[in-house]
């Protein structure tokens, strides 16, 4: 089996020193401000720079220009990668009329926004840069389109099957609702081949960020929560530290 | 990137010593009596006085005259700013028939109260004083108009896009339902570019006010809860103190 | 700004040594047996005796004769005040056929019981005694008439606006559902200009009564829970004590 | 004001050394096996024996013969009181066809079972023995007939008003749903003039019975939870002891 | 009053040294694997062997042959009792087409499965062996037939009345949903004359089985949780031990 | 009674040193990443290698090729067993159009996917390899087809009866929703003859995996949670260790 290093400090060590099994689709789930988007951009950026694997960032909510601005505090020259055709933003946020980015732009109403349009956009991006890594951020808006639970599971399974057919390694960014350690598992945690949690843990009134690989099929992982920070290098996980005692 | 100092004691230090990234829309969420409105007025007042940035206060619930009366314990001469065309209250509370303030007044029934009317009112105010900062207080009543969750997300995304088009920096005041540390994240926390929480924390039976920047895109922030007080200078946050140990 | 002393031992000290800002509408929320009605009667009685401000007590549940009987353990001669036209009970409990009190009596079916009838009754009482203080007890039954949340908020906002037009200072008595420290905030806590909580706190298996001013617009308050008792003088709050350590 | 001693060991001391204010309607709420029925029978029995006040026991669930059998472990000769026309069971359990007790019997289908039938039965019993004390056990089945909350409140208020018109002192037995200290207050706790709780408290894995007068209008009560037991004398409350430390 | 010893080690001591009051219907409620069925079989087996009281086991879920197989680890020769007409399994599990047991078999669709069929089956079994003890296991499937709560209470009251008319002493086996100490009381706990809980308690991460008589009308019981085990003699309760300290 | 050793290190010791009673259907319930599938494959693999019992793996979600890939970290040569007709994957994941595995493939739409198709697939697999052990993974998707609870119980009982008719010993893999120790029991825990939980327990912020046999009819089991790990030998349970103290 082939492994895809994330390039994120500390993470690959937790992933058995290897990375994400190639072709897997991994859910990255966290609260507001947890660094989900930073994690995802970093995964794609390291893919191009360190491993020569091009990447596609499918955004369903934020504008590509905003993501780039918010990432400007890091030393990641995304525009250079775009110019070199190694990286592409695909903007599929529903109901937009603003002029397009360098990447593709698809203008659709939210009610019509469904699986087929999303898949078309993904495939277009993959083809344009010959991508090996895909991010979809956030998957939450996609799932809200399917109020019926059976339909929603159906749609997620279809999406995951199609992502697998691209032969890329994929991150699906997901928004956590609860804030505590104890919570309900979501069905998508069962469908995905891996689940990474970016959580906030409370020790008294002090917040600690906790990184946890809940699941990674085909890999013997460390499933303990580990402290992480968002530094000027992006996400940094401390794979040997404990969140608190 | 340009940063907009809040002018509130202690807050800009937490915001990486800079302030809110210019053009961002930030959710300010707190319980009853937490000082949300004080925070918002202070943000606009400091904008005019310290940074020469005019401001618009869009109120959906309280009367402008009441806000002014409640703020009279502070040394902020809002009426002077109004007279100088540097500050404007826009009253869009639904179903009102009382005589108008110096600022605009829009008389509509609650059931008809929707996005377009709100946007018209905001734009009118921005134009009148050439505003650089906007407050909408509270966003809760606006969201209640959309019982369907998809519609509500849609409306919030539209509102945020239009606020961005004004080129102002914006605060949306939101009402917290839960009282404890653990709670469900609300979807608007994901949509906004920043989230500031004004919470009440219990240590035994003693209440402590806790200020927390949960999220601020594009900025390396201190996300720890920090004690704050409402003094005769307005909100004061203690950026180096811990809420309790 | 004018302040209206409550006349309740310990409370005005918590209210910045002043009292309730004149014209404000304050929610008084507590569980069964917490002394809500005692608090409200005391507020009106002290108004007449100590400050020459006449009062109206609008009761939606208990009979005026019962309230008087239950208050007979205190030294408050309400009937004398009624005879002197300084105090009035207004009985608007829905669906009643019993003979009337000295104050007004309105006989209506519960389903028909709505805002307009309540407002008529209030205005009649205010006019009869030239009142400066109003109590509505409990507001819960009024709100139950509006199953739709938007309608209910609407009705509460209308009620509060009309109360303000009377130029009186007002208490709305409300029934708490939860029993613990942590609870959901109710929307009426946001609409009211002040919120006073009469709660029961558990220390092990020992009950402690806790008085807390959650919110008071326009006033720098002590928002800590403080112990209180119901003594033969009515409610007594201990503004310098802590509920427990 | 007249007071009606309960005759239950320890209880009258908690009720300011007096008892229940005459004519009041008191909710007695407890879990399965908490001794609610024992408490209620004891209240009526002591009424006859110690105070010469006759009593009516309205049962909505158990058969009178069963109640008598279950009470046979105590030294209360209910049949003698029945023979002397000082005590009466009124069986209004819906849908029964068994032969009648000495007291009245009303055969109705559950769906038709409503306020009017219940009131007729109560009045019949009061008249038969010239009663001064009434028990209705349990009120839960009565309330289940009204699925709409407004209707249910309406029915409870009507029942309480009619009970008051009998000039008797009344206990309404109610079934608790939750098992812990923290729970939601029920609306009937607000409607009743007194609330007595028979609860079970957990100290580690040890159960302690806790008696608590949550509310008693017109009376300065001890509202602390107090330990109680069911002995061969019936309910015994220890008014000076604490539940646990 | 007559008492029916359970014959289960430790239980009769908890039941005031006597047993279940004759003719009572007792709910036995526990989680999966708590030994509910073992308890029920043991009650019937001891009835025949130690007290000459024949028994009927009405099964709504498991096949009689399975129950016998699962009980084979104990020294209870149920088949011998069946051959001697002292014990009978009645299989009323809905929708079955398998060949019948020695006892009766009723083939009905689940949707048609209602009170009358269940009562016919019970009566048939009681008649066949002249039974004095009845078990119905589990009552949960029966109650699921009545989605409306009023209907369900109605059906349970009817079932209990008919069981009483058999003059047998009865156990109704019920399935607990919650796993912790604190839970909602179910209405059937109020309807039954006795309630026995077989629970699992957590002390840290260690499980302890806890036996508790929550209620037993007509009997002064020990209502403390007591440890129990499932040994090769069946259920064994330790009536003098505490679950943990 | 015959017992079927699981072949999983430590588990048979917990199962009274014997294994699962032959012909039983056991629920294996766990969260994402808990090793449910590893447990199930190991059960079948050990069946063939150590006990000469062939096995069928019915997969409702993952592709057989994926399961094999994910299991490749262990030394289990599943393909050899397939070639020797001792093991078979049966793919009944709804709505698939990909080419088939060595095992059977059934292409159906999710909405049509119901009990009969599942049973046909199981029987076909059992016949092909003369299986003695069956795994169905996960049962969750099957149950989601039945939104009505009565229908769902009905379908699960039918499935279990048919599984029993195969004379195989069976594992049903189920997905846990809650993450803490306390949770609601699911009805399928009552229907199954055994329940095995693979849970995650939190000690502070440290995760511990906890293996627990909640129930195993016909067997005296150790029902304590025991630590387990996923090693390069598969699941390893430590039957004498405690999860934590």
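By written order: A, B, C, D, E and F. Residues from 1 in each chain.
Everything below uses one rule, namely that contacts are C-beta pairs under 8 Å (C-beta built on N, C-alpha and C of every residue); 3 or more make two chains touch, one makes a residue touch a chain.
The structure displayed is predicted, hence computed values, not measured ones.
Between the contact lists of subunit B and subunit E, the overlap is empty.
Looking at subunit A and subunit E, the chains that touch each of them are F.
Two copies of one chain, subunit A and subunit B, form a contact in which under half of the residue numbers belong to both partners. Fitting subunit E to subunit F on C-alpha positions gives a rotation angle of 60 degrees, to the nearest 5.
For this pair, subunit A with subunit F, the centres built from the Cα atoms lie 31 Å apart.
Measuring from the averaged C-alpha position of subunit C to that of subunit E gives a distance of 53 Å.
Computed from the mean C-alpha positions, the centre of subunit C lies at a distance of 61 Å from the centre of subunit F. Within subunit D, no positions touching two or more other chains are listed. A ring topology is adopted by the chain contact network, closed into one cycle in which each chain touches exactly two others. Order of chains round the ring, from subunit D towards subunit E, by the touch criterion defined above: D, E, F, A, B, C.
Within the complex formed with subunit A, the subunit F residues making contact are 31-33, 61, 66, 69-73, 93, 95, 110-111, 138, 140-141, 144-145, 175-180, 200, 202, 204-207, 230-232. In the complex of the two chains, the subunit E residues touching subunit D come out as 1, 21, 149-150, 153-154, 157-158, 181-185, 187, 189-193, 195, 201, 203, 208, 210, 212-221, 223-225, 242-245.
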